[in-house]
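Each chain carries a letter (A, B, C and D) given by its place in the written order, and its residues are counted from 1.
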Amino acid sequence: MKHHHPNIKLYLGVFAVLMALTVVTVLVSYLHFPKTLAILIGLAIATFKAGLVATFFMHLKGERALIFSVLGVTFFFVIFLYLLPIVDMSMVADRVIHAPTAQNTQPEHGH
Amino acid sequence: MADKKHSDHHQEQHWVWKYVFSVDHKVIGLQYLITSFLFLLFGFGLLMLLRWQLAYPGQPVPLFGRFLPEALAPGGVLMPHFYNALGAMHGTIMVFLGMVPLGVGGYGNYILPLQIGAPDMAFPRLNMMSYWVYVVGGILMLSSFFIPGGAAQSGWTSYPPLADISPGQTMWLVAMIFVITSSLLGSINFIVTTLNMRAQGMTLSKMPIFVWGQLVTAVLLLLAFPPLEAAAVLQVMDRVFGTSFYLPTGLVIFGQTLDVSGGGHPLLWQHLFWFLAHPEVYVLILPAIGIVAEIIANNTRKPLFGYKEIVASMLFLGVMSFLVWAHHMYLAGMSSKLSNFFLVTTLIISVPSVAILTCLILSLRGASIRYSVPMLFALAFLPLFGIGGLTGLPLGLTTTDIYLHDTYYVIGHFHYVVVTGSLIALMGGVYYWFPKWFGRRMDDFWGKVHFWGTVITMNGIFFPMFIQGLAGVQRRLYDPTAQAHNLPTQPLNVVSSVFAWLLFLAQIPFIWNFFYSMFKGKKSEENPWKATTLEWACPSPPPHGNFETPPKVYRGPYEYSVPGAKTDWTPQHVET
Amino acid sequence: MTESNYGWGLPTAASTFAKEIDFGIYLIHAAMFAIFILWGIFFVYLLIRYRARPGVAAKHEEHGILASLIPDFIVLAFELCLIFLYAIPSWSRIKVETPGAQDSLTVEVTAEQFAWDIHYPGPDGKFGRRDPALVHASNVLGLDPNDPSALDDIVTVNEMHIPLGRPTLMGLTSKDVIHSFFVPDFRIKQDAVPGMRIPVWFEPTKTGKFEIGCAQLCGFGHALMRGDVFVHAPKEFENWLVDQKPALNPTGK
Amino acid sequence: MSSTAHAEHLQEPVTGIPNGKLGIWLFLASEVMLFSTLFTTYIILRVAAPEWPRGWEVLNVPLAMTNTFVLITSSVTMVLAYAKAVTREKAAFNKYLGLTIALGFVFLGIKAIEYGAKFEHRIAPSTSIFYAIYFTTTGLHGLHVIGGIIANSVLLWLSNKQWDHPLFVGRIEYAGLYWHFVDIVWIFLFPALYLL
């Protein structure tokens, strides 16, 4: 069983970067950016942090192609798991009755 | 040799560890097989009760009516909520506790390691655990009949808000989470075994079609089940902790406003459920296609027609099965523009199924067909699965689905695919691999009696459903005579019900033949069918560790009638 | 008032797009029979021609892989035509586009556990506000009395009266669980989802009484949940509408 | 050791990846699908909701931030434990694995405090759709943390007996892969629920 030779300094370096990024993402949230911008920044930081953990801590760097194909197939299906229900929900938004209690009075006509 | 010492160690284990909590894939395979057949029988029993109410609504059930509890069937007459519970549990038990464990757990566990020349599964203990988690899930599912509120009553699809407010669904969800976990662990085991533990020389293009079918099935199970598990967790939160993931605001149940926070969305469940359920139906059919391919190759004494086409179609089927789920939701309130996307993907997915069926039928050309009992089942699979596939066309098309959705046409369609398709192939598999499991042959005469009895009665049950569907008879109706447009086709309900009871009679020779031949059947030599695949290269029943020396593979799986060969079958592991 | 005669096979086509849907059903079933019969004959021929006979070995080599794909391509071509020439255009005509409100009868249909409540705007043409808290045996839709436009609204249960000659535009919703509005004669079916108001339209072509059924399991009364659509001549419909009592004070004081 | 371990040892994996590693990555693939479904549900419910509270108005962000630090630290101690297992330094290995388990308990402790504060104000999953998805996702993540703690504790308990077993180092790596995955899920969960 070949194992990755450990590089302690690298792990501690990645650790520092992860801690820093956590602080950054919290500070960014205090600036109350408009919602879409806030989402993009938050997502970018989180993806970068996840990438760090995956490549160094999970040793994905030197990993064989099969592991990447397993992850590739999974993410191919994850995209559809996200995309289609969300697209559907946004397309039927005009049908959803929002009034928390009463039925909305003047039913607009579906287009 | 290490292998020798290793199988001696197995002998002196206490019989509990050898037969009950065994880690040997063959024992686990047989445990899965017999448990799932028992569940199939139980689910079929529920159906026979239900069919009585459809054929003679409101009349007390003869013979068994007395045993039914008063709350569910006063005086033997089924109550509507008990009828709904019978329907929901029939669907759930047959699909999740019967067919999938039989096709994947039973056949996959036993035959796959043998066909790739592996000593056992990659993770034997995990394999045993997935069986026992499945059994616990099955017991929980059955126990839901006896808890207050009774069993689940909102269909095997468990659509909220009905599933959130009607009694009996919580135990169904908990049992489902157990069954899903069992399938998940099983699929990891299958993929790792198929990829990592193949015999020397067994490249992917030399694997039998049965192994390909199990591999694609395992990937579908692995990636499609977790979304349903998450959806089931959300529904448990709705039912137990009063959240409202699937409950919109402003619900009024029998005049009482439901005091939940609201804000949920019923379509959310449908999306997540069908995201699983469509790959699930391919999980039901792929093992059956694998078995039919094995039996046809063996009994036509020639290689399969278009091995590469079938494998490519299976892989394409696997990928596409994740993109078609919402053709179940054309009329569910989903946006009608999005239906066009799913219409096109549903068209695309019909192509590989047609290709597989074409290749299997063309395998008969230039063959020397032996009409053995397994071959009868495999041959019957082809036209009947064809009917199932064809009747999917009007349902997959958006416009005609407007009329045919949620009618008996749908029930006819999926029963033709699952029952006269998958179940017939799995029964054929019993006759084909019985000598491998027990070293004895099943009786041929009673096999043919069982075959003709089953095929005729199955068609008798399901064909009238198409006529009822065209007449617009809705599905899941407790009393079909309550609505005018269902009355003319009511005699067809009687026809289907009578054939359903006859189908049960047709199974008695099968059950008798199976258990009788297990001990007193005609002794059979190691390779009775003269097959070329690896599972016949070891003694039957194979010892622990399967092969004396790990086999080497020299050629493709179906090298029959090789010109110039001494016999008309050249096994994969023989050098020459 | 012609009574709809149900029998085996498709019921009478009583709405404008019913013929379109029937055409699709008949076309596909014709194609299905053709495909099944052709393959069936070929299948039986193969079974007889290549049965095991002593001294006749099976052929090992196989050729004509491409030829085997011809039937698949034929089926694929048929399906592509079916989709782009028939399915997508008819689906957009039936489900995507809805007729304008001004020249059609607008009505709100609300499904509840085991009945269909039909809500007409009444002479003022405006629907009254509904409040789930006000739902009561005598006020099934929970119409709000202090909303002026609700006072003249008409509510009928399990009886839907519509005029001939004008499309009917329905806002379909549900009070509790998912039901499905299904009129076999009009070939329409649409799930009524609580929390959503789904526009559905159809235009009757025959007068008469046609049955409404529920096509989605909605509890123990699913089979008994039925109603009737009465299609009147325009004049007759006006008379019916005039002598309906408003829902909020049925005695008409 | 049971007989099956020897059978596994007899054969070189065809794909070159040890059975355990391929198995754990497949399991993580199914976990990706599970948590993706919860994120899809979160996005759908948020898009469909007429109004949705901003994370920091209703939730305790500083507490959650410390929780993120705790989980990241436990990820590091886990990878250090694996490194010590590879270099066969048993004492250091026990220290780091023990630290990982302890940090896991700290994470659960902080989560319990956070949940406690909510229940005190009579805020429960049924209060609103936001709290429903908040409790469900963090609850399910918490269960996975508990699962990880159990796995690590079993390995720590077995470590002195199995230290020289050929597969032991691999098992530490696989437990580590699972633990890092649980950390990654929290890395996405924290901003999604608390900061947006």
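Here, contacts are C-beta pairs under 8 Å (C-beta built on N, C-alpha and C of every residue); 3 or more make two chains touch, one makes a residue touch a chain.
Keep in mind that this is a model prediction, so the values were computed, not measured.
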item	value
Selected pair, greater C-beta contact count between B-C and B-D	B-C
Centroid distance [mean C-alpha coordinates] between subunit D and subunit B, Å	34
Distance between the centres, which are taken as Cα means, of subunit C and subunit B, whole angstrom	32
Geometric centre distance via CA averages, subunit D-subunit A, whole Å	16
Subunit C-subunit D separation of Cα centroids, rounded to whole Å	49
Interface hub residues of subunit D, defined as touching at least two other chains	15, 17, 22, 26, 29, 33, 36-37, 44, 48
Per-residue multi-chain contacts in subunit B, two or more chains	195, 223, 227, 248-250, 262, 264-265, 267-268, 272, 333, 337
Subunit C: positions in contact with at least two other chains	132-133, 142, 195-196, 198
Each pair of chains that touches, named by its two labels	A-B, A-C, A-D, B-C, B-D
For the subunit A and subunit D complex, residues of the former touching the latter	1, 3-6, 8, 11-12, 14-15, 18-19, 22-23, 25-26, 28-30, 35, 38-39, 42-43, 45-46, 49-50, 53-54, 56-59, 64, 66-67, 70-71, 73-75, 77-78, 81-82, 85-86, 89-90, 93, 96, 98, 100
Of subunit B, residues touching subunit A in the complex	195, 219, 223, 227, 248-250, 262, 265, 267-268, 271-272, 275, 322-323, 326, 333-335, 337-338, 341
For the subunit D and subunit B complex, residues of the former touching the latter	2-4, 6-8, 10-11, 13-15, 17, 19, 22-23, 26-27, 29-31, 33-38, 41, 44-45, 48-49, 124-129, 132-133, 135-136, 140
Touching residues on subunit A, where the partner in the complex is subunit B	66, 73-74, 77, 80-81, 84-85, 87-89, 91-92, 95-97, 99-103
Touch list for subunit B against partner subunit D, complex	2-3, 6, 9-10, 23, 118-120, 122-126, 184, 187-189, 191-192, 195-198, 222-227, 229-231, 233-234, 237, 241-245, 260-265, 268, 272, 545, 550
